[in-house]
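Note that subunit A is present in both complexes that follow, paired respectively with subunit B and with subunit C.
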Partner chain A sequence: MANDAPFKHNSKMMNRLDLTTRLVGKLKNDEAVIGGIGNSNFDLWNAGPRAQNFYMLGSMGLAAPIAFGVALAQPQRRVFALEGDGSLLMQLGCLATIANVAPKNLTIIVWDNAMYQITGSQKTASAGKADFVEIARGAGLAQSAWANDEADFERLIDATLAGDGPWFIAARIDGSTPKGQTPREPVAIKDNFMRGIAIKPA
Partner chain B sequence: MDPTVDNAATWPDAIYVHFRRARIRQVGYVPDAGHSRLIQRCIDDPDIADVVLTTEEEGVGLVAGATLGGQRAALLMQSSGVGNCINMFSLIKNCGFPCLVLVTMRGEFGEFNPAQVPMGSITEESFRLCGFLTYRIENPDDVDEVVGAACDMAFDGNVPIAVLLSQRLIGRKVWSK
Partner chain C sequence: MATSDTPKVEKWHEAVIRALKDNEVRLVVYVPDNVLRPLIDAITTDDYFTSFITAREEEALGIVCGAAMSGLKGIVLMQTSGFATLPNVLASLAVAAQIPALLMISERGTLGDFQIAQAIVCRTMRPVLESLGMEHHTISRLDEAHFIADRTIKQAYKTQAPAALILSPLLTAAGRPGNTPGS
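Right after this comes the complex of A and B.
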């Protein structure tokens, strides 16, 4: 029942793991990636563990604020937040916060399958009226776009790796279930990330 | 700034001095009149990223991100905002992040607004349930020593700690009705 309401745009329905893998494949300079709660985080793990990934457990909605803090602390490093639609809907205000500070090195990506997939596929507000790119633009993130298809997603990621942000990318995704889950080891996840970006000695 | 708030009190400057000493580089806040002087000090400091938040919850993520990125951060909020943060504090506890929160208290000494009382009266206990140490300040002369100790414990001791700036300290008479 993903996206069974008429959509506000013509984006192709894609796959979260495929797009996450395409993103990670483009990261050649130890870019940081913050994976939001649940399937965003699990498919970041399934795309291949990286030392520069932070897999957020709990605190639903905070992937973008965490990525924002990392981006301010590490202005020379590009930082990506991966959020689900339900998570981002919980913290829409952070888009306005981030837009006003406007870190040039931050990209927020929302995987929109229009459902709370992990709890039984109940519909989110984006199954109905809400459009994330309209919301992001309204919050002040002028460089916001739906990825129309996989090639367009890659084009948008290339743009975020080449120019000045902040950027916001929304991708319409299917209801595929992640094949594996991130180990629930929050202290190890934190320590690995801080070593991965050389904040802690290896 | 709210003209009814007493911005002449200088104890917030002692907090700012400790922010500098502790090398705090990010300060997130939902504005509160009792924090207005300190907020302005942070805004005026080019070495501090001052981030006005839409909700205190975002600030918990900001602190985590700052730490992950190798910087120190502090949060400023009023007691009502502490209630907004409670689930997000699980991130601090689970990952073992340092966290320094300075809270201007409402709903206690001489409060005129009944809406502030339910959250203000459980703020300190809520912090403790979330795994924070709490220090409470009643007297302006104690601000320097207590905030200094809190900064050291947060960042050297790597613990979450909340400093409660009591309504008596802030001055109950100054609130506009």
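Right after this comes the complex of A and C.
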């Protein structure tokens, strides 16, 4: 599905599964990844199950706060939140909280297809005037950037793996539908995640 | 008049802090409430705790759930109206995934509160907790405060379930000279 919404930046329209796969491919140190509700966590699942992934099934908007909690508890582990544009719009206040506490090991990634894709492709505010990088910067997240293309996305991920955060990355994505969905097994998801990050015995 | 020989009487917020420390609950995330002010003031000036304010209770619960899964015990402080924003997050995250997130709710809207909005929303709190099947206890007496808080925290972690501690005005307003239910 084409996304012909006017954007206030020049980044290339990319693909969520492709970018998620590129991200996961760079994770060599058991980094934690929190996938937000719906397509964000479905494509995290489709990029290949990892024990360090938490697939959030409900609680729309809380991928970044959950990732923030993981980052606080385990400051030596790098943590990524994958969130959709509609989800992030539900909980914009968390960006200001994260900016003020400034966890060095946290990266928030927003997949922006300018629509509530899973509920019928209704337009989000980012189809209009909202710009997530400007919002993040305004909240106090100075290290915020649009990924201009796939190579730029990879460069930004490399930067988050090498330096101190918090980081915020926005990627303009298309309307591709995930090929598979995460099993709805919240207790198993939690237990696998806790084993993956060494809280429960393997 | 107190002298150096008079045993110091523990205040309610000191009993709560003792229960938090006894159970290594080091993360305290809060949305402010005037009744909770002595507790918030004490926690935010105590290096034992990692403590900060959030914009919204949902966000705070997400942070505490993430921390609880990752080895850091945490609690969310809020007032009654803040709890009313949480049923979806409790149902779909903490209850569904069996995460021992702890809530501490300053009970507003009862026993003389002057705000009708607080009074109405207060009536929804316990029915929501019951509907979610969540363990919840109301602390109304100072001599029970540590016991209830301590045992509730321990059970939450032993049973992998969220739990709520409700602070009654019987506890938090007692002994406050000229106390008027506040904002």
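Just so it is clear, the second predicted complex is superposed on the first by the 199 of 202 C-alpha atoms of A that agree within 3 Å, B and C clash if a C-alpha of one lies under 4 Å from a C-alpha of the other, contacts with A are read in each partner's own complex, and residues count from 1 in each chain.
Methods note: a contact is a pair of C-beta atoms (placed from the backbone, for glycine too) under 8 Å apart; a residue touches a chain by one contact, two chains touch by 3 or more.
Since the model is a prediction, treat every value here as computed from it, not as a measurement.
Participant: When the two structures are laid over each other on subunit A, do subunit B and subunit C clash or fit?
Facilitator: clash
Participant: Would you check which partner chain A:102 touches, where first means subunit B only, second means subunit C only, and both and neither mean what they say?
Facilitator: Once the two structures are laid over each other on A, A:102 reaches no partner at all.
Participant: So in the superposed three-chain picture, is A:142 touching just subunit B, just subunit C, both, or none of them (first/second/both/neither)?
Facilitator: A:142 sits against neither subunit B nor subunit C.
Participant: Could you tell me if A:151 is touching subunit B, subunit C, both of them or neither one (first, second, both, neither)?
Facilitator: Neither partner.
Participant: Please report the subunit A residues shared by its interface with subunit B and its interface with subunit C.
Facilitator: Of subunit A, residues 32, 34, 54, 56-62, 64-74, 91, 93-94, 96-97, 100-101, 186-187, 189-190, 193-194, 197, 199 contact subunit B in one complex and subunit C in the other.
Participant: Would you mind writing out the residues of subunit B in touch with subunit A in their complex?
Facilitator: Checking each residue of subunit B against subunit A gives 25-26, 49, 51-55, 57-71, 73, 87-88, 90-91, 94-97.
Participant: Residues of subunit C touching subunit A in their complex?
Facilitator: 27, 50, 52-56, 58-72, 74, 88-89, 91-93, 96-99
Participant: What part of subunit A is in contact with subunit C in the complex they form?
Facilitator: For this pair, the touching residues of subunit A are 32, 34, 54, 56-62, 64-74, 91, 93-94, 96-97, 100-101, 186-187, 189-190, 193-194, 197, 199.
Participant: Which residues, counting only subunit A, touch subunit B once they are in their complex?
Facilitator: Touching subunit B: residues 32, 34, 54, 56-74, 91, 93-94, 96-97, 100-101, 186-187, 189-190, 193-194, 197, 199 of subunit A.
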